[in-house]
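Each structure below appears as structure tokens.
Shared between the two complexes below is subunit A, which has subunit B as its partner in the first and subunit C in the second.
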Partner chain A sequence: MSTTTRHREGQKHAAKPAASGTAPARSRRHSQRWLAWIFLAPTILGMGLFTLVPIVASVVLAFFRWDIISAPSFVGFENFATVVQDPTVRVSFLNTIVFVVVAVSLQLALALALAVMVQAKMPSWLRTFFRSAFFFPLILSAASVSIFMRYLFNEQFGVVNWFLSLAGIPAVPWLTTPGGSAAVVIMVYVWQNFGFSFLLFIGGLASIPTETYEAASLDGATAWRKHVYVTLPLLSPTTLLASVMAIISALQVFDQPYVLTRGGPGDSTRTAVMVIFESAFQRLEFGQASAIGVILTLIIMAITAAQFRLSKRFVFYQ
Partner chain B sequence: MTGATNGRLREFSRRTALGALGVGIVGATVASWPRLSGTDIPGRGDNSLSIAIMGTAADAAARQRAIDAFTRLHPDIRVKVQAIQAVDWKDFFTKILTMVAAGTPPDVVYVATEGAQLFADKLAHPLDEYLRRDAADMAEFFDDVHPSLVEAFMYKGSLFQLPMDWNAANMYYNTTAFAQAGLERPADDWTHVDFRSSLVAMRKARPRDFTPYYWTNRLFGGVVPWLYANDTSFLKETRSTGGDWLWNSFYADDPSRGLRSGGYQWLEPNAGDPRVFETFDYLRSLVKDGLGVRPEEGGGSSLVGLFASNRIGTTPAGGYWVQGLHEAGMKKDDFDVAFFPKWRTQRHQFGTAGYAIMKTAKDKDAAWEWIKFSASRKAMELIFPNPVTTPARRSMVNEALYTGKGPAHWKVFYDTLDKYPTTGPIPAPPQQAAVETALMKNVSLAVSGDERQLKQALESMQRDLELALRRQP
Partner chain C sequence: MSTTTERVLTRSAPAGHTPARQKPNWSLVTRVALLLIAAVLTLGPVMWTLSTSLRSPSESFRLPPSFIPWDPDFTSYAQVFQQLDIVILVLNSALVTGLIAVGQMVTAAMAGYAFANLKFRGRGALFSIVLATMMVPVQVTIVPVFMLIRGMGLSDTLLALILPAIPTAFGTFLMRQYFLGLPADLAEAAAIDGATPWRTFRSVYAPLAVPGMAIVGILAFNFHWNEFFRPLIMTISEQNFTLPLGLVSLQGNLGTGSISVVLAGVVLSMIPALVVFICGQRALQAGLTAGSSK
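This part shows the complex of A and B:
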């Protein structure tokens, strides 16, 4: 009954388009537009105040010398020239790129492997357990996790070296050598962040039609061939999204290296965002910090654009 | 009919919901107005004196008795203490600077040596006029405080802070570990060679799950005490002229009067000095031979627990450690403290802290009254009832403070200044943050590899320090 009524009402509107131009209709549309703006206002205001304004302010600040205390002075491109020549900044960007390549590769590979495993046949309670367990590290504070890991990886008294000693392996200087500290930072970061990619892959796997696998089985495809020729191609949109998000996040890594190693030994684990923090809040060079921030933003935008451009070749939409 | 009724109900409930949302937003705004407008920030929105200290709310509460006593003395001055949690002093200064950037600076800040010159150079108001005015009242304070501590707060001939507490990098040792290795208490003038022999003996007695020497990579207690002992530093140390007005007023008869100046200056790097190499090489050999750990960066928060569980033989620390070891279960005879080993000199390193008045303080006279009161014996006894630090007043470093807690040779703490008057502060120019980063990032590499790596690390340190000192603070 009600369906019929709605249908008739629809017909009525379709039959009389001129009615939409009547005064009451215009008034309704006008009030609806206002209502939409009222609902959007908090988000627009929040985005404007806390995202857009700081971005613009940061770009402007990159052209000034400012130490908080004295009045800012315009220096043109001097901050950009200084940071480009600064060996610590260059090393930190290089470290960040290496970190992104290694950490994101590991994060995506681990997340995909575990998502495929969890989607396999198993009791639903066990699947729920795994999903929760893999996602759990993501909701923990990165600083707290890093402090905890610092204890675990302590060369002298850490549990990790204690377990290794049971196997006769001598104490590993995890946090006091360049290689060891980089490995720990990557391990801790991947462990804590793969949960998000894992969830994306779980969603992507669930959306692949089972008929596709059935058809592949009928064609005699093995499990591995089904994975390579059915799962991976149909999962490519999810992989693109996961990789874009993971790369953007990894380019901004800060908490783990800051708490675990403070960027050391030497500059071996110093990252771009750490240098921004140190320039701004420890050396009071807000102009230079902003210049580094602008450069990092441009790099992130360029990488993301490149990913979307390349995706036309590798991503298959159903 | 029914449909019309439903429509009204829907409309009514939507309006009600929107109305309730609006009322809720207005209510929340009104309720949180003090937060939104920043009037809940101590000292803002009223005329009270806002004081920032590093610590927790419990540390602020611990000062309440002193605040009450101050209020009784000055009922017209309201005081609000804001405790700011931080990992270390660098982190604390970062937060203070953020408050400055936000336009909500405190009136008075408790600043340690690490930030003394940064504040003196940019943020703090000198105390000279107040000290000249109240010289008669302050004479008793200076009589009780060693001039080395005061000089650490001199900057270009002006005094910016009064030292309230301080700590030298002395050498703590675990008496059980010493006994197991057949070692006696070290002599006052033990050398770096004696020290190494002690570590070797302890390592021999306990080859596993034990570290003879534990040290952290930071400005205080890291590599600097060794550099001082070897009569060098990673920065060239000079003194500025001036300050005679203070020394002649309060320390005219002090035996170390001739050593005093208008304040320390660290204007050039010195990592290329052969003695710096020699010192680092000594520390590198301790690491290489398993006698000392590779220094980790940070505050060494786990150190008390490790020391209290008899897994560490020796470590540099000051009087601030006593209460922590006591609370960790160490008995008064389980540990002791000795002077830092002698090398070319036996100059020690110390750090001190005191209140600085901010240039932006609303009522500087009120801020000075707080500082003057805090420097009184009565206030210090209220603020430092336990050995969580070493009070700047010599008379307060007494038997009563350490009874039942140890160490047996607590006199070492203040004797460090009296016996070694050249003992110097943490090298912290106005560019302290950049300097500290330059030092810390190269120390681990310097002591962790071979001689070639050590040379490279010191060359890198020299370059980084040149850059750091060139920066504007």
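This part shows the complex of A and C:
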């Protein structure tokens, strides 16, 4: 672009700053629109192909029987009926719900307690150390973590049982009993994920104005009362967000039980996503797998909606 | 109001200083002790993994466990290279993760810029759709994506892992927020100078976008380096496995044979994540919690 044209355009803008109908302004809007669509094309096409189309396909597939080899045939609600009656699917959904309730409660309680303790007065290098330590497991792969945790919880030579034996507790059959396996899956999951809720709570605590605490101290509030009557209500938006995110990701748990227990012993640690995986890629029941996926998605959507409903009543927004 | 502040000053001044000097602050000591226990429980398993991988394979079962590698032995590291095509696994993981990260950085920056700074019809609606796709779990779309990949003739290739992971709703969201945070008069100044929208992006905004793109890249790297579910489904032959998948199958093959070898593999697989942790912890934390503030 030559200097003269730039100069001329500059003059036009200066002369009629408010007029949007002039030729250069119109062509600017035109070229903006063009650029926008060019810039959006990779993302929109990619998402359409790999997310939106698959969502629709997944719902459609839930009404068909298909094993990839022979042609798909329409079966109506048969897949849903089969899946709902299947004892393995039922127990897996039940396991998932128990897992979500226990793991998410533990994760949030632990994260909140640690965040409150870290945010209180202490040397800043110590605070940095604790924050990094609690964040650290998040960067590891759930599969690798489950690999070493399987050794740690081994009945004969595992470190956990060795420490318990020091306290005189006999060896716990962690990975060979239903209760033990479920406990290990929950502990390993919480170990790796509490750091995320912890970070959210740290952010939430930092946004509570210090004057609120000063006012509470003036009124003679004890540390405990300050937690209950100042911190918790003012933190409730963060708590809601942290619990929604924790529940959604816990509902999709797969890596830990797959590597730690393969769903066993029996079906005791089989989860909803594990049955999707097994129906589709081991039994080649793609229609049934999609039906389970649709049910899981509906549950996730219902829980998310319910939490935001509840929030209107219990969450305190400043 | 003024009386309140006076009262705060007079009361908090002695309360804040004298006890710390005179006697140990017991509430601080208890808190730090509890936090230390939590930190030991968090880091202990990782220390045990590192330290056991540095024991010789025959020693690796021996109790008491070791948590600090006083006398490192690298036999297991030599063995992991013999028992597992770990070079291939590392290359696969690096290629998949690297291309996804670069692809996400570029496409998210472009889409984020369009949503933040360019005007076009349907912008709000389109952005809502992009956000909505974030709520759909990958496990739900995996069956049709698997079929699609098969139909494209890409099953059991690394492209099957790379292509579907490049369009990123979260990255687009992050980049949009990032561009909205840049001063708007930059665009106005460029427009007055007669720059085309493309020139405005290329010479003004693209250079400023680098820190935001770095966050997208770090998040993508960390997530996909550790990914297990998709590689488990999309790859069949071992030469297309990524690291987590290779390590899990190594553990399966060896049973409880030589744990230090498996752990050596685990430690090797952690190194890139560790580098990211040391260099980009701030960016990673900022990215992970982005979107939590409204």
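Observations, loosely collected:
Convention: the second predicted complex is superposed on the first by the 300 of 318 C-alpha atoms of A that agree within 3 Å, B and C clash if a C-alpha of one lies under 4 Å from a C-alpha of the other, contacts with A are read in each partner's own complex, and residues count from 1 in each chain.
Here is the rule we go by: a residue touches a chain if its C-beta (ideal position, glycine included) is under 8 Å from a C-beta of that chain, and two chains touch if they have at least 3 such contacts.
This structure is a prediction, so every number in the text was calculated from the model and none was measured.
Under the clash rule set out above, the superposition-derived model of subunit A with subunit B and subunit C contains a clash between the two partners. By the touch criterion defined above, A:A305 lies against neither subunit B nor subunit C after alignment on the C-alpha atoms of chain A.
Within the superposed three-chain model, A:T176 lies in touch with subunit B and out of touch with subunit C [touch as defined at top].
By the touch criterion defined above, A:D67 lies against subunit B but remains apart from subunit C after alignment on the C-alpha atoms of chain A.
In the superposition on chain A, A:G203 makes contact with subunit C only, while subunit B stays out of contact range. Of the two partner chains, neither subunit B nor subunit C is touched by A:A109.
In the superposition on chain A, the chain among subunit B and subunit C reaching more residues of subunit A is C. In the superposition on chain A, A:G264 contacts subunit B only, with no contact to subunit C. Within the superposed three-chain model, A:A133 lies in touch with subunit C and out of touch with subunit B [touch as defined at top]. Judged by the touch definition given at the top, the superposed model places A:V228 against neither subunit B nor subunit C.
Legend: residue contacts after superposition of the two complexes on their common chain; A:F281 is shown touching both subunit B and subunit C. Looking at subunit A, you'll find residues 68, 150-151, 154, 157, 281 touch subunit B in one structure and subunit C in the other. Listed in rising order, the residues of subunit B touching subunit A in the complex are 90, 94, 97-98, 100-101, 122-123, 211, 214, 217, 293-298, 302, 306, 311, 431, 433-434, 437, 440-442, 444-445, 448, 457, 460, 464, 467, 471-473. Those residues of subunit A lying in contact with subunit C across their complex are 1, 5-6, 9-10, 13, 28-29, 31-33, 35-37, 39-40, 42-47, 49-55, 57-58, 61, 68, 110, 114, 117-118, 120-122, 126, 129-130, 132-145, 147-152, 154, 157, 159, 162, 191, 195-196, 199-200, 203, 214, 217-218, 223, 238, 241, 248, 251-252, 254-255, 258-259, 273, 276-277, 280-281, 286, 289-290, 293-294, 296-297, 300-301, 304. Those residues of subunit A whose C-beta lies close enough to touch subunit B in the complex are 67-69, 86, 88, 150-151, 154-157, 173, 175-178, 261-267, 270, 278, 281-285. Residue ranges of subunit C in contact with subunit A, taken from their complex: 4, 7-8, 11-12, 27-28, 31-32, 34-35, 38-39, 41-43, 45-46, 48-49, 52, 61, 63-65, 106-108, 110-111, 113-115, 118-121, 123, 126, 129-130, 133, 135-137, 139-148, 150, 163-164, 166-169, 172, 191-194, 196-198, 201, 222, 225-229, 232-233, 243-245, 247-248, 251, 256, 259, 262-263, 266, 269-270, 273-274, 276-277, 281, 284-285, 288-289, 292-293.
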